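Sharing a structure below in structure tokens format, with a few things to ask.
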């Protein structure tokens, strides 16, 4: 039986239909299945991301009617695609090991039943099971990673644990789920990790775009380069968006804010390009921490990151079908 | 008798002189008359904008002495122009129809007595009576609209009502007060309105600059193009600034925040250009919602939007008189 | 068709079952039907109460499973009674007159179909249609009023309107729905209304317990006296709880906080007594304003006010059936 | 010329008339003159009390019309008395010595011109000049002190300074302005000052009611005892209310909150008794720190403390004139 | 080597000396050793209590000098006793099982080396290892429990786990560490746990004082009764204070606030009595959640709960030594 | 003896070692000595900056271990340099004159003993003693000033005082400590100071980059130009960063926020360039006001401004030693 949501009332993302991930019949026709991962037991500092799924689902001022027609893309990610919300996977923040295992099972089940999993975190711990669950279906090393974050999340052990929000990328590479040389990181900055870990990353041939390089070269150029790498001998990408990739001014409600990040506009544009230009096999949005989110602006942003991706995927499908192409310079009212 | 302010102590915008809009003798020499519109009964989500007038008037750290010399423009919008604050128009948020009627009467009275009305909202419902009041004096279709907003506000009926903060632009065009093809919208984004309404807008030949187009072409170029349209066979512009045109990071204290907007710097520069380059016949600043505005940064911004417009208008008049021209590249201390 | 909720996702009070107030078949067996009244267009100061229904429904840390066994009363108000949530009545805050009319229709429909209406406000404007809707069924003057509030709410006209959150009690008495001499007010204090209105109240033979009298005589004694009056030649009571009857320390999230009120404990005990000792024909909980409610403590309190009433009514029914009587001095674990 | 207010717009307490303390002609008929003391340079921890005068003046949801009829007392402190607001005394928080000197001059001037000074703080530093200014007129040792506070404020030197918010009571006693054995302190608790200072206090024969004694004996009895001491060979009392005498739950917006204090209800009742039973020669309300005051509940309380005192003084005068006596047990609507 | 603190700078409780719990030589002379338990992985709703140790240690406006002379008790809990702060035990919130094990080891070590452990939580999960660690030294069933809380915390399994903040009391009783019939609970209320668990509790012969009984009988009488039970055939008590025993108005910064609780004053008085009247063998203060604690009033309260206990213990020792007895009715300045 | 910190626990900046500025032996090998200046008595509006030192020191989510390896620069400002934290200089906010004198003594002592002083404010008043203390050692007029700020801070007298946060730059120039024509200001905007003061500034040949010029020419070009002026016949620069140079969206927690400023990214890049390209002789970071800083994003930014400067200085030294040069376009993982 469907679990529902772990905290608060049983709602779905902006009112889309419910399904039960354990019952594939309930989402046979799905393009996308949303899963909530209300887990913050892996955080090294501020908790609160357990309420991320609830707030990402509900933080919108429009009617919760399962429809969101994008102005920019003229596509409705919730209607043009078949999107279900499976509710939360029950994850006890006090048991990271069990949580990781259970979440991977859910993601794998969704993926192997033909839907793209879109996981609402939760802290970044969950990207290990998220991407691993996808790789479990499409094949080890067959999915590349595009990872927006202030932090590399390639630590080895924190607080005596291999599992945590600073270590998922290491676990993914070590396990072979994602190839190190198909691991693209965008937005890194600050003072972590230390040189030893950077050396390990270099050894894995990861490609990490720190904010300085992005500032000098421009985000567009960096992304184009990254897309090329991502699609070299891989079947598609997993998109992991840590909301702290944005500057704390744009995303204060997060656990480990690092000044000097992207603007919200930059993040939305980047996500849109990924959805439109690349085959996305899975996605997560993580590290939204509502207790630190005055006026809920971070939750609003995370909600829009989800919509931006879905809208772009919907538009991509339509353009592929129709042989058309979206023009970002077209005036709004000339569009269709 | 002057009504004063509807909420809180009877203050004026940064200490400018009082007048009574019903008594034209009290503002015979006025260039600008400020009117407060403490109404939020038209909001579709968060209320609070009823306190906008109070906060826009008072949120400044400098002495409330009726003087604000602009560094950038070397003009004092409150001294070089003759600016009065007529206090609030009494608007009961529980009666939108009466509020709209009473506000239009006030705006028309001010305009027809030779002053530019500058209305401090309040929710965006008020732009219907604001611009209609101006058109009532200058002639239907003779004032164009420059409208900064995340939202098109061209809905037809919401909650069973023709009046509301999502519908004023439709009412203005339908009534003939403003021509659809002289309606310039800047900063739109997100997931509203739905295609049917966009079709209506296109049918009216509105020109809406969505953030994607602005990002691709640059705000400067878009504005220059818009200014050309606005001044084609019109006598001047009405400037309506919905503070949510800015990104929620820069303007969190608003009712329907939509991520991915302008920066505060962009908005201020744009407002300055409009005041300096175009004949402004009326203006409003709306959707500041103080209860959601930690550290009052949105109120600070709205206060500066008003000042930026007034400073630019003052500088425009001086330069017109003196045959000079303001140079934005000039070093501050070389200026005058 | 059921309207759902006006703001946010379509949730029910702590997960109880849904019904549609316009379809009596959907709540034939109901003891209680909850109605949301998301209206704050009648407020004279801070708005925000439109989100009261959403927050009162959801602000609880326990699973939203439609069950709440009271420790103190050993009764489950949501299970022992048959409770449905009809969602919100669509109320446009910009049209108080229509809102009042539509809400009364809903309350009357629920009442006349045999269920007790329990309305989640919303500002206090709604008590006019709430109690009038009940009286419409049980007969004018047949329901007495027990009204917890810092304010008498007996104003005549505010902002040019007969409708508003300061006037509902006057409208109820004037209309004959509730007799003035069966109007019991508890918790009044502060500096409103002015003497003329107090004279009107005295003329109606209302009985108002100001906090000073309560402090001197004790709340228990005052309530006992009030209960006697309420049940003299009436069929039952309408219980209206304005959350601002509590001290702002206990209920900061409200529109017109008045220091010096009841503690949360006092309010809960009083509501319990009413539910247990009197036949309650209708109830509302009003003036919860979430934007001013840090850590949501006011919403928590309002949620518990609802539960306390339902638990007590459930226990009353059981004790009436079993011929037993609840003893507040009994140790918890001796209870049943 | 009248200085106005130091921060923000030039408002008066709830709209009462303006006067200029330096121009006695402007308040010849005054019963009470309000003075703002926007100083927080004497705080040992959190600042912010400089905005106390602004917030105490304006934090009320009723019209700012210079009238507040008390329900409990059936007297209007702002109308039955002649109350003026002289605005702020300019006090630079970076110069405590000058500030103390200038404030005392203002208080003395007001007192010697026949009005009761009521000073809105500001941190507790100001009670030195407040009470000293009164004593300067009525005579050293002729005014007793009733001091509500969590803290004794009898320190000697803090941060190398004799002036500060922890030392005013010592300065008053040392200077002879107030007799140590006519110094009544109510509400003390916590962990300051240290024994040496307590010994000094005992040596001065001060009478300090710690919360434990108040809890055991009851506030009423303690106050009655204190009133007797206060009026023994003195001409009247100075009432100093540090808002932190209340529990942080009731007054969070203060600089040095100490848990375990009075409820707001208790404070209001106590202030009322003082205004009604004793001749009050001067008063101040201090330590309201708006930046820490979510939903402004502390400012609301401080505003009501002022009103409670004024209402009680007004009622006292009427009863003295009429030979009547106020009965706190009288039902509200039986009153006059 | 001493671990220090897990989050933020390495501070000690109000500046007391450091020790290392793993090195008994570092606290040979200790009366009390403080341990931080920065764990919130056991919470069922809001997290944040991991920052409890940091905030309880530092939230005070007085100098952090390792001294706090109590006004009421005339004893300095930090100086008259020998108090050390061992810093935090490293507890990974994502691994509750390991955390519980490691914390018990620390508590046992401290206890067996002759010091009273005082644990700063963290969520209530920690009371299992806290009290079990004490019992490990003094003997199973030899320490009784006095437990202040809104919740019984006697659940069996939550989120599939035997460990969590709703289950510690069951684990303690089942393990034999604490006898069910020496388990005293004070302040329970609300809607949890369900009847089956209450039956289990009754079967264990626990004694739980729900707020209704406390309200009817008075807290003093209830405590006196409880103390008698606690000391019947036990060697001393473990005092566990869940800050949510207080009303949310007094303690908003907590994870599962339940309206209708004790006032801060009541809690402080109760803790004082326990420290003064009973032999306390161990103590914890839990469930302070700083992200929900505007103006930090809950942290202030928790800091004072610690100090109140230590002050009372210090006074008890002195009075035992001197053959004196503390009188709560004695005026402050008559004390010593 | 080392004073420690004035407010809260005695911590150091991210855990670096302690020293005592009065004891040069304690920092003989220092490259940098941090000094806290917890003073906000000079503010003209919001206070709170007294807690700046505490929050700048501690607001970081990483372990406080005295190490911060910069990703961008591949240098560890806290390890590659020898950095000590001398704690706070005791500054009583109620005595600006004494505070200024004492702080200058501390800065001079540190400078003359061979370390670069880095002062954590506090309000901007402190830049007078900060830069004057440096000039006292290196010679009057030998240190140029690079000053990031929204405000020129060249006022003459405010609130009757020559000392205050709006006047330090005037005092520095008047005293000859810094030459007016070597005074570079970046980020000015808004409506202060008035023309007379601008004229004074022009007369001193100051160079002030208002945001309009920065917007038109680009920050990079402006900085390059400014660097040239700064190093013309001076020995090095003093870097003063008022956090309000950033837009309030990026730095809300400040006393006088002025919309339209730099982004956090721009400020960090600028500070990095200064540290890397110029000899920095002293630095301060001012005007962080924690009470207005929801989610502490302003404190996070200020902490990073300090680290950015130290990292760049460390890298500059290494490159100077090694004859290498840092390339901002180099991919992160190619770096060293």
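A, B, C, D, E and F label the chains in the order they appear, each numbered from 1.
Just so we're on the same page, contacts are C-beta pairs under 8 Å (C-beta built on N, C-alpha and C of every residue); 3 or more make two chains touch, one makes a residue touch a chain.
Molecules present, by chain and UniProt name: A, B, C, D, E, F = Agmatinase.
Worth saying up front: this structure is predicted, and the values here are computed from it rather than measured.
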Any chain touching chain B and chain C at once appears in the list A, D
Max Cα-centre separation from chain B goes to chain E
In terms of CA centroids, furthest away from chain D sits chain A
The distance between the C-alpha centres of chain A and chain E, rounded to whole Å, is 41
The distance between the C-alpha centres of chain D and chain E, rounded to whole Å, is 38
Taking each chain's mean CA coordinate, chain E and chain F are separated, in whole Å, by 44
Chain C touches at least 2 other chains through residues 45-46, 247, 249-250, 263, 292, 294
Every chain pair meeting the touch definition is listed as A-B, A-C, A-E, A-F, B-C, B-D, B-F, C-D, C-E, D-E, D-F, E-F
As the complex stands, chain D meets chain C at residues 61-62, 67-72, 74, 247, 249-251, 263-265, 268-269, 294-295, 297, 300-301, 304, 307, 328-335
The residues of chain F that touch chain D in their complex are 6-7, 40-43, 45-48, 50-51, 90, 92-99, 125, 158-161, 163-164, 291-292
Per the touch rule, the chain E residues reaching chain F in their complex are 8-12, 15, 57-58, 64
In the complex, the residues of chain A that touch chain F are 44-46, 188-192, 194-195, 198, 201-202, 206-213, 215-217, 247-250, 252-253, 255-261, 263, 292-294
